[in-house]
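Next come two complexes built around chain A: one with chain B, the other with chain C.
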Partner chain A sequence: MSVKQLAARFRLPRKEKKQRVHRRVDLIGTGSRRNRKAYGDVMMLVLIGIMAAFSFFPLLMAVNMSLKPIHELFYYPPKIFAENPTLDNFRMLFSLMQNTRVSFFRYAFNTLFISIGATLGHVFLASMAAYPLAKMKIPGIKTLNQMVMLSLMFVPAVTDVANYLTVSWLGWLDTYWACIVPAMGASLGLFIMRNYMTTIPDTLLEAATIDGCSNYGIYWKIIMPMARPAWLTVTILMFQQVWNMDNTNYVYSEALKTLPYALSQITSGALVRMGAAQAVGVLMMIVPAVVFLVNQTKIIDTMASSGIKE
Partner chain B sequence: MKRKGLTLQRKRSMWAYIFLSPWLLGVIAVFAFPMILSISFAFSNVTVDNGYSLSFVGFENFRTALFVDQNFLQHFAATMGDMLYNVPIILVYSFLVAVLLKENFKGVTVFKFIFFLPVILSSDLFTSLLNNFGSTSSSSLDAVMSGAGSTGMLESLNLSKYLTDLGLGKELVELLTGPVDKVYEIVTCSGIQIFIFLAGINSVPPTLYEAAHVEGANGWEKFWKITFPMVMPMILVNVVYSIVDTFMSKTNLVMEYVYELSFKNFNFGLSSAICWIYFVVIAVILAIVFGIISKRTFYYT
Partner chain C sequence: MNNKTFKERFRYQCRLAWNNRSGYVLMAPFMIIFFAFTVIPVLMTIALSFTEYNILQAPVFVGWKNYRDLFVNDAEFLIALRNTVVFALITGPVGYFLSFFAAWIINEFRPIIRGILTFIFYVPTISGTVYTIWSIIFSSDMYGYANSFLMRLGIIDNPIEWFSTDVYILPLIIIVQLWMSMGSGFLVMRAGTASVDQQYYEAAAIDGVRNRFQEVIYITVPMMAPHLITAAVLQITGMFSNVGASIALAGFPSTNYAGHLIMTHLMDYNAYRVERGYASAISVVLFILMVTINAISVRGLRKVGK
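Moving on to the complex of A and B:
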């Protein structure tokens, strides 16, 4: 064994330099990254901090409102921070919850079931329809795309009456279906996903086709993973909408009604319930907030891992 | 030569329609049927008894909406003005926020969450919680309520009352509080747009930036020559979404009026006619905007 070989044996394996992916959007544009880095980062944080302050203010107000004892709610002019924070409002709300006609958990279950069902159903159906609308060149696709646009701007005041007629004709009045199915047919999510999918490179789909991938395979194994940021965004959007939906238009039996209805019933009517109403606001925020946070951690840069090099 | 099975074109169409069929069924139920129903409402006098009955009156409802009704055109003009003013600001603001959020600094999730908060807080639930009190309390209390309620805090209503009490002139007060009102209108309306933009910006292939970096492009050039054109399809989405959102929100004047007409006065004929006029105008606006933007849209394929 030569000296050289021996040396090679004891040398640590050369670490492969991690390829640094450069995807910073240089906003300030001073060219050299190192120079602008500190300055630019501070500027950016200040800017984003100011804008975030505006968005954060409502939460601050809502939480403080829920902690205020009842008389402080009527201060004029109103104050932002509670002077003597208490949990009385929450205590009152919980004691009110125990006196509902149907168990409180039933309302909570209904809301969760409807929200999750409608959201998943919508994302699945709409993404399935978005794929051909974005990527297939077949006769009639242009008309369909225009139809999606048209259905976006249809005034809800008109569809309310017709939807009621449809739901009752289908025999879905007073069932979960009455809330889940119409939400699934909403076209907003479809529109967002369809437009996102147009940015997926055609070469990828062609490569898959040549390798013998079926249409279903392309949808499930290429389109869906690539369009992940889009459908995750649609998920939070839909969930948020359905979560706050009052289903009393279609549902009459108490056991099938949702949380927004139950809570607004609890808190309506008397001025003394004002504090409880504030507590409801804070409590109802929690689930969409959690959904959002979980959702955001799942968003990754899909294009970074698409494997396309030109 | 005998052809076996379907042609490629036919096969593709078949697959496309298989994918589309569940949604198409939904569209027929949720969109096509209401459309036909409301057309028939708009052209007739609707009487609500046990069910409803129609009697054809031609363009009578449209004439009423445009020439007799005093409220519609006024509300309509106000809504249009709001839209023209708000949508550009919403777009610029949300794009800026999205670009900033794209930078993966520490704690970015916290910031994302904060920017999403107004979306949660501005939902119908919070408005309805407030309305429950509005209907039961006397009008003098209403003003205080809207200051204390969770949606009222998004407006400077209480601030303007306070300033008026201090003895400032009405014009001066409006000048001071106007922008504050708008700030919260913009902030609450741009929550979703930020995340649509973010999804778009995230999808830009990093290889493009690498190449540009190697070629010596600076950040300004990279932004305008890579990020901006690559996000163009999402800009289109957001323009459409923002316009539709401002027009369809239940709090805008025309919508409130339509709800009042149809569910308080049960004048379905007139409200359908108004909806159709409204619908056609929005469709024209969207078609123009869509035409302008999609011509400039660049698809990276």
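Moving on to the complex of A and C:
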């Protein structure tokens, strides 16, 4: 080996010229993306600000309304922010709830149990059904897809007699099952997951099949991780739908009834309870809001690209 | 394929089904519940729409009478139909574009701000009852925010009875519905805008895309076309069937039927007058209306995707 070659081997790599970075004011944090001009950023901020204010302002009022003592409800002109915020409305709510025949915690437990059971069951069963509907070309699949789509267009208000008959025939009247099982078969979540799964590239599934993965394996190891944004979204939607559900159609025992029902009994009517009604609205929002935030942050985490190019 | 006999084709289909039996196994648990609690009740409802049925007595077959009554004898239904068309034509497209617009802008922000903004836009739909705050904003006395604001400006002298005056009812319901329109469709669009790979924008910038509006037209919309269709279907079903806010605010029935929608008409006959046959006929008409509008809009959106 000549000296020249040795020198070439140990020579430090030549320093590369520093690339000129195009600098601009980065108002909203889009980072390195091109095609962004400052006045566009400002316009976007203004527009999104107006929309966000319209969206959030009534909620701000509701929260403040729930914190107002009774006499402040009759100020003229009405104030948006409570002057002497109290928790009286909430306290009244709880003291009223303590006098009920069934304790508050029982109602809360019922609602939580039904919501969690129905949501988990729905996400699991519907994602299992969504995979063949989205990706397999087998006899009858087109008809089933059409049926799922059409069922979304049919308002459920008129089907309650038929559902009542089915539930009573199964002997589920006055049990938790009457609330959980029908909710598990809702077509909304299936529809969302099915449509999301159609965007998963076929090549990925073919590769897995060639590597000897069974259909169940594909569902569990490929479809579910890839469709995570879809089923997290469905979790949010389903949970809040069941959470706000009034189950008195199928349930008579007071001990099995849910929180929305119990709270609506307290706040119906009287003007003095106006603040309490808002307190109910705010209280009932907390759990779905937590579910929303937890799931939504996870959606943003998992939005990275799939790494497949077609 | 076509010159094969029916028997051969049938056997081919059976073999195809058997070879992919895992697909059916995966679908079975959901489909059993779905058929028991959705498909069969819907079919029963369609059958009931040709009968007179009051739950207590057995249904009596009356042919097309319910449908004829609906369009010939029922003045309230025609009001409801007109209101629903106005309501849907405004809240549907406007809510849809606002959702898309918000979903798209939110995606431009840093991840943490994205989460906060998504929450702010989604918050109106999160609670079942928080829309009752609008009845305080538009309260009919001077303690309501809208009235006191207008009175202090000197525009009006006496408080307006917002939800009892027929001119104001429909516009107010539309505003509240728009406030609540960032629901499931918005979440689907958020997932859609976020799943577009950033590399496409980089590539497009090199290929001559100059500003963010071109980015939206040439990349974002085509890339998320499937999500746009999903969101459209959710928007259409939502705008026809979510009447909780309208009932809570304008009353049931509303003054002079000014806020009467097909859905409230349906609930009237379903739950209060207990004319189930007639209510079923209304639901079938509503169903046909939704399917038609859905077919038109989905066809339009498919073109956008290409």
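Here are a few things to note about the model shown:
Just so it is clear, the second predicted complex is superposed on the first by the 244 of 310 C-alpha atoms of A that agree within 3 Å, B and C clash if a C-alpha of one lies under 4 Å from a C-alpha of the other, contacts with A are read in each partner's own complex, and residues count from 1 in each chain.
We take it that a contact is a pair of C-beta atoms (placed from the backbone, for glycine too) under 8 Å apart; a residue touches a chain by one contact, two chains touch by 3 or more.
Model, not experiment: these values are computed from the prediction.
Of the two partner chains placed around the shared chain by superposition, chain B and chain C are both touched by A:Met184. Residue contacts after overlaying the shared chain place A:Met147 against chain B and chain C alike. In the superposition on chain A, A:Phe56 makes contact with both chain B and chain C. Of the two partner chains placed around the shared chain by superposition, chain B and chain C are both touched by A:Met44.
Residue contacts after overlaying the shared chain place A:Ala230 against chain B and chain C alike. Look at A:Asp202: by the touch rule set out above, it reaches chain B but stays clear of chain C. In the overlay built on the shared chain, the residue A:Ile210 is in contact with neither chain B nor chain C. Touched by chain B in one complex and by chain C in the other are residues 28-30, 36, 44, 47-48, 51-52, 54-56, 58-59, 61-62, 65, 73-74, 76-78, 125-126, 128-129, 131-133, 136, 138-139, 141, 144, 147, 149-155, 157-159, 161-163, 166, 181-182, 184-188, 190-192, 195-196, 198-199, 215, 219, 229-230, 233, 236-237, 240, 244, 260, 264, 274, 277-278, 280-281, 284-285, 288-289, 292-293, 296-297, 299-300, 303 of chain A. Those residues of chain A that touch chain B in the complex are listed here as 21-31, 36, 41, 44-45, 47-48, 51-52, 54-59, 61-62, 65, 73-74, 76-78, 125-126, 128-129, 131-133, 136, 138-139, 141, 144, 147, 149-159, 161-163, 165-166, 181-182, 184-188, 190-192, 195-196, 198-199, 201-203, 215, 219, 229-230, 232-233, 236-237, 240-241, 244-246, 260, 263-264, 267-271, 274, 277-278, 280-281, 284-285, 288-289, 292-293, 296-297, 299-304, 306, 308-310.
Put simply, chain B touches chain A in their complex at residues 9, 12-13, 15-17, 19-20, 22-24, 26-27, 29-31, 33-35, 37-38, 41, 93, 96-97, 99-103, 105, 109, 111-121, 123-126, 128-129, 132-133, 136-137, 141, 144, 147-150, 153-154, 158-159, 161-162, 183-184, 187-188, 191-192, 195-196, 198-207, 209-210, 213, 218-223, 227, 230, 233-234, 236-237, 240-241, 244, 247-248, 250, 255, 258-259, 262, 268, 271-272, 275, 278-279, 282-283, 286, 290, 299-301.
Here chain A touches chain C in the complex through residues 28-30, 33-37, 40, 44, 47-48, 51-52, 54-56, 58-59, 61-62, 65, 73-78, 80, 125-126, 128-129, 131-133, 136, 138-141, 144, 147-155, 157-159, 161-163, 166, 181-182, 184-188, 190-192, 195-196, 198-199, 214-216, 219, 229-230, 233, 236-237, 240, 243-244, 260, 264, 274, 277-278, 280-282, 284-285, 288-289, 292-293, 296-297, 299-300, 303, 305, going by the rule given at the top. Within the complex, the chain C residues that touch chain A are 13-14, 16-17, 20, 22-24, 26-27, 29-31, 33-34, 36-42, 44-45, 55, 98, 101-102, 105-106, 108-111, 113-115, 117-134, 136-137, 142-145, 148-149, 152, 179, 182, 184, 187-188, 190-191, 194-195, 197-199, 201-202, 205, 209-212, 214-215, 226-227, 229-230, 233-234, 236-237, 240-241, 263, 266-267, 270-271, 276, 279-280, 283, 286-287, 290-291, 294.
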